[in-house]
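Given below, in the form of structure tokens, are the structures.
There are two complexes below, and they share subunit A, which is joined by subunit B in the first and by subunit C in the second.
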Partner chain A sequence: MANDVTQPLLEVKDLHTRFHTHRGIVQAVNGISFGIREGELVGLVGETGCGKSVTARSVLGLVRPPGRIAEGRITYDGIDLRSLSRREFRKLRGTGISFVPQNPWGALNPILRIERQFRNVIRAHTDASRQECWDMSLAMLQKVGIQGPERILKGYAHQLSGGMAQRVVMAIALVLNPRLVIADEPTTGLDVTIQRQILDMVMQLLEEERRAMLLVTHDLGVVAQYCHRVIVMYAGKIVEEGPVSEVFVEPAHPYTQALLAAIPRPGHKLVSLRGRVPSLIDYPAGCPFHDRCDFAFEPCSAEEPLLCELSTGRRSACHLSKGVSELDAR
Partner chain B sequence: MRSVALRFEVAALPTPLQSSISPDFVRHFSLFAAKRLAFVPAAVLIVITLSFFIVNLVPSDAAREKAGGLASDADVAAVKHQLGLDQDIWHRYADFMSNLLTHGSLGRSYYSDRPVWQDVWLFLPSTIELIVLSLIIATVVGVGAGTIGAHFKNRFPDFVVRAFVTITQAIPDFFLGLLLIFLIFYKAGWLPAPTGQNGLLEFPEHPITHAVLFDSIVNGQWRLARSAFSHAVLPALTLGIFYSAYFAKTARSVIGTAFDSYQVEFARSLGLPDRQVLGYAFRQARTPIITYGSILFAALIGGAAIVETVFAWGGYGQFAIERILHLDIPEVQGFIMVAGLFTLIIFLVLDLLVIFLDPRVSIG
Partner chain C sequence: MTLVRLDNVYKSFQRAGGPVVNAVNGVSFEISPGETVALIGESGSGKSTIARLALRLYELDAGTVYFDGRDLTTLSRDELRHLRADMTIVFQEPYESLNPRQRIGRTVEEPLVIHEQKLTAAERHGRVVDALNHVALGENFYERYPHEISGGQQQRVGIARALVTRPKFIVLDEPTSSLDLSVRAQILQLLADLQDEFNLAYLFISHDIHTVEYVSDRICVMYLGQIVEVGPTAEVFANPQHPYTQALLSSSLSADPRVKKERFLLGGEIPSATNLPPGCFLHGRCPSGDDACAAAHVPLHAYTATHAVACIKVPWHADAEPAS
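After this line comes the complex of A and B, so read on.
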């Protein structure tokens, strides 16, 4: 197993995911590359429609027509995911990579007992007996902090509160000990206290067991508190990436700066970003952010800035930061 | 020692079946069923009253119809008196209701003088037999086509399904029947002529329900059963194909929604086998499809009439049309009441079924 620093657990290279609609081809994910190492908690942030959820689904192989992965390479633990057969990929989902969706009530099957939903997942990948399934489910529910798990297992999804349902969904996703968990806005819609409790619990669990997570969210606060690294996406591209401690303190890309400025803070004026997200069908020339950017200058509307390394593990796609790093290098 | 403890735990686990039909559930369920049942007589009373007034207040002259075109006014008046049509409507309503409540009688036909109930038992089973066969075809074809359409949404197989839906919905059912008769009986000769439920020279013996296929199977008359089956194929196919379009449309949209749901996505993201994922989607889509089927079942009591006529099926719908044309008021009232009662029963069964199928529906 290759899990040293040079070989990330998940590696995405030049991923393009497109949706063929009657209005044209939507470039939802437009050539992004990133990696996640073993045990690393990575936040993927950006505003609605920037391609973060599609990125998550592309990695899981869950992009449905009219969407399709057009180009790119996704490797998990050295396996090229796009070359896997349907069956091989299915076997990997749940055991290697698993998924925590946004809407827990929607995700749970309303007419199967929770116990049965655990068992279906366990039996899809192992030959566990009914008793073993029960024990595994029970242990997992206890791990995610559910008291009286027997009662939950015998019940149905509609009998759970929002926080409970999300814990159950997480427990189902984690029951076969996947090394990578992809969570898409896992706590949206829950109130802040419960959100905090659940994230505290699950992040601690992931850290302890050295599992990696790609946390898709638009909540910068959550990323700042729980993740090691953050990837900022804008209009289907990565605009900035780096350790949370650096990106949040000193954002390099004007978009990241704007995002951070848009967090409401007492005593500060709320800054909102002018303009709109560019169309993903008619992709603009130059930097996708140039017409909303306060620092735009000549090259921004003509030439697209490439994602370049500012320091180790720190990347930004901006003509300005490129200039800065080049100056620094001299 | 440890294995003993473990075995005890296994025994303590409730199996899903045991706990789903708990005494509590049974109590709630029977209470609900009783409440719903209690509602049926009231609803029937309303249906009967409505059917009486609709039939009797519509301007028509049943006496002249019965007396014939050449009858003199005096003859018509005599017939009118004989049928009791010369009395005012409230009097007739009181008569009708008291007969129904004391003797359970719906009156007698103006023409054959047979009790209306007798005709109900004579014709209704044949219609139910045809509806059941048709709905089996409609469900299998429709849900199958709808699932294919949903799975291949906006791709070639989906276009085929949508074309099928549009075409079958655009063709009237009786025309589809004539087309099938022309192609399969007349041109290809694969199936017998539309002579009803059996051949012209076959005379079903020992009828139980007068639904020939059902009776012949129950009686073990296998040659007749084969003939009855081949006679049933075309009418059942006609209604089946016609109504499968509605099933396909419903199934395509509800299964399509289910395929796009978080639930199915979550199931797929956990690596469940395709078969099981499809099962999740089907279970989600089940209730609307069953509801749809029940509504259709009830509606087809009268709705199959034209196709019954095309195939000379001799069912209740065909009989009712003929009676309506003759202004045979008691038979028409009987038909409306039976169709209403049938609908009420089907919906009652549907409500109870949905409770069994979906734990979210609470009884209260």
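After this line comes the complex of A and C, so read on.
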């Protein structure tokens, strides 16, 4: 795992991303801060609309109108990403930060051979010869577990199954050895046996080569089994953060507790959350979770709890955080 | 007593000029009143086709479906329509399955208009309000439109519509797959409560292993249109016998990082249903597959009194030993 004294590879400070809609301004990401160190595999989890994908797109410089980053600083390896032009940002993708989207079909060009799509990415950043491009592509496809990669390279996207297409997209994202990979629900549409095959391969590869990953997903199992650290988002904010081995075993924030208790397990009563996620247009006062929380008391509806450090690398945004583990939520 | 029985059911599809897709290849199982039977499998395993065959929403190629002792394949349209009040379905995508221009009340009422023509308008209204109350929406949702309510509420509407004719059997086709975790828990709880209250039989279709383990009494594991293993859910989860079941269960990722599952991976990907392999459909991907597996079709055989497996490597139950 990453060394604690090193400077984070990616640092996000007080990020606000808003969408200007006819109904008002949607505060999709509402002042979040986090860091990812070299070689660290970080899961970003939360339910629909919590802002996890917008966070990923903000870091990647892919927020488009009506959305815009209103405030905040995003630094990658000392570079202020918000100050980069589109052209400079493009240079950084591929070698610095690369992106794996959820839908591989949207990422692959249907009329270009796979070989050509690899070559386009490689040549945007290097002067590799055609043969070098071919060799690099072949080696990377083998690393993500594709047998007979020659045939894949000569073929087109429509000839691939969903699992194959996602592997190809990952291989393209990884081919230039980026130091940080941002993946948005990379295996969500896939069958579980295929998901397991792909994650086993890719996460092991990242770990061995000490690349960092921000893995955006709603699947807690994927994060629990493959990531070092987890960030839990709710209503545009980070509510809890820490090592997977601690957060999933002894969650500090009532929302994290509720999420884990909502996973069906035989012999356990299913605990469901009451109410709904608050509006991101008329943001409530106090803690965004207070009206759904079993532990809410007076300050929760008035004062917003700050994300406090509970122990090294462990943070929670709850007025009760220090004592909440004593109140058994399950 | 059996409420629903599928007997050696086959179904294939063919697009004009295209290859034949063998979606369901000889499937048999039964469901008792008040019981939940789960069908689990990956995409293309034929789960949703079976859901529709069980209600005869598709015509069968071969085999029979019995509901309440009657052979559905021999019934006329009229007879079938009458029976449809007793067997209903809830779909995966709640919003897609609702008419965006119809108020919720009208959507829930529609099955009554079709299947229970003797009811007066006032009686229908009463039944709709009753159904909305049972799914914890209440009468004030009657006049609303689908886009005005959340995904979880939309799925409650889908359940109310399935419930309004007071059925005995409901097919639940991935009812919680598109819902967030916290909403999913609410819907699963609601389905369990309704089952207790009305003694409903459920055919629960899902690819989510955690959900299936939680909700079902018995489980059928499907691969390429066949059942490869069937038995009481707790027994199959504790002691899976078919290599495909083992691979499927070990692929489910626990949210507890202390639980590390041993890796049991299958090679390759699911073969095409247009070109089924000979013998056991899994043999090309199975770590213990050999020539014997490729030689002949492998039917389900008893492994224990209640648990059956379609794998020639799995021993036969003592009482069910084939005569040699």
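One rule holds for everything that comes next: the second predicted complex is superposed on the first by the 316 of 330 C-alpha atoms of A that agree within 3 Å, B and C clash if a C-alpha of one lies under 4 Å from a C-alpha of the other, contacts with A are read in each partner's own complex, and residues count from 1 in each chain.
We adopt the following convention: a contact is a pair of C-beta atoms (placed from the backbone, for glycine too) under 8 Å apart; a residue touches a chain by one contact, two chains touch by 3 or more.
What you see is a predicted model; the values in this text were computed from it and never measured.
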{"item": "Side-by-side fit of subunit B and subunit C on subunit A, or clash", "value": "fit"}
{"item": "Touching partner for A:296 - first (subunit B), second (subunit C), both, neither", "value": "neither"}
{"item": "First, second, both or neither for A:111, with subunit B first and subunit C second", "value": "first"}
{"item": "Partner chain in contact with A:191 - subunit B first, subunit C second, else both or neither", "value": "second"}
{"item": "First, second, both or neither for A:60, with subunit B first and subunit C second", "value": "first"}
{"item": "Partner chain(s) touched by A:98 [first = subunit B, second = subunit C, both, neither]", "value": "first"}
{"item": "Superposed arrangement (fit on chain A Cα atoms) - minimum subunit B/subunit C Cα distance in Å", "value": "7"}
{"item": "Touching both subunit B and subunit C, residues of subunit A", "value": "none"}
{"item": "Complex contact set, residues of subunit B against subunit A", "value": "6, 9-10, 13-14, 16, 19, 153-155, 259-263, 265-274, 276, 280, 283-284, 357-360"}
{"item": "Subunit B contact footprint on subunit A (complex, rising order)", "value": "60, 62, 64-66, 86, 90-95, 98-99, 101-103, 106-113, 116, 120-121, 124-125, 131, 134, 154, 156, 158, 169, 172-173"}
{"item": "Touch list for subunit A against partner subunit C, complex", "value": "47-48, 147, 161-164, 191-197, 200, 218-222, 224-225, 244-245, 248-249, 258-266, 270-273, 276"}
{"item": "Subunit A partner contacts - residues on subunit C that touch it in the complex", "value": "42-43, 150-151, 180-186, 188-189, 207, 209-211, 213-215, 233-234, 237, 247-248, 250-258, 260, 263, 265-266, 268-270"}
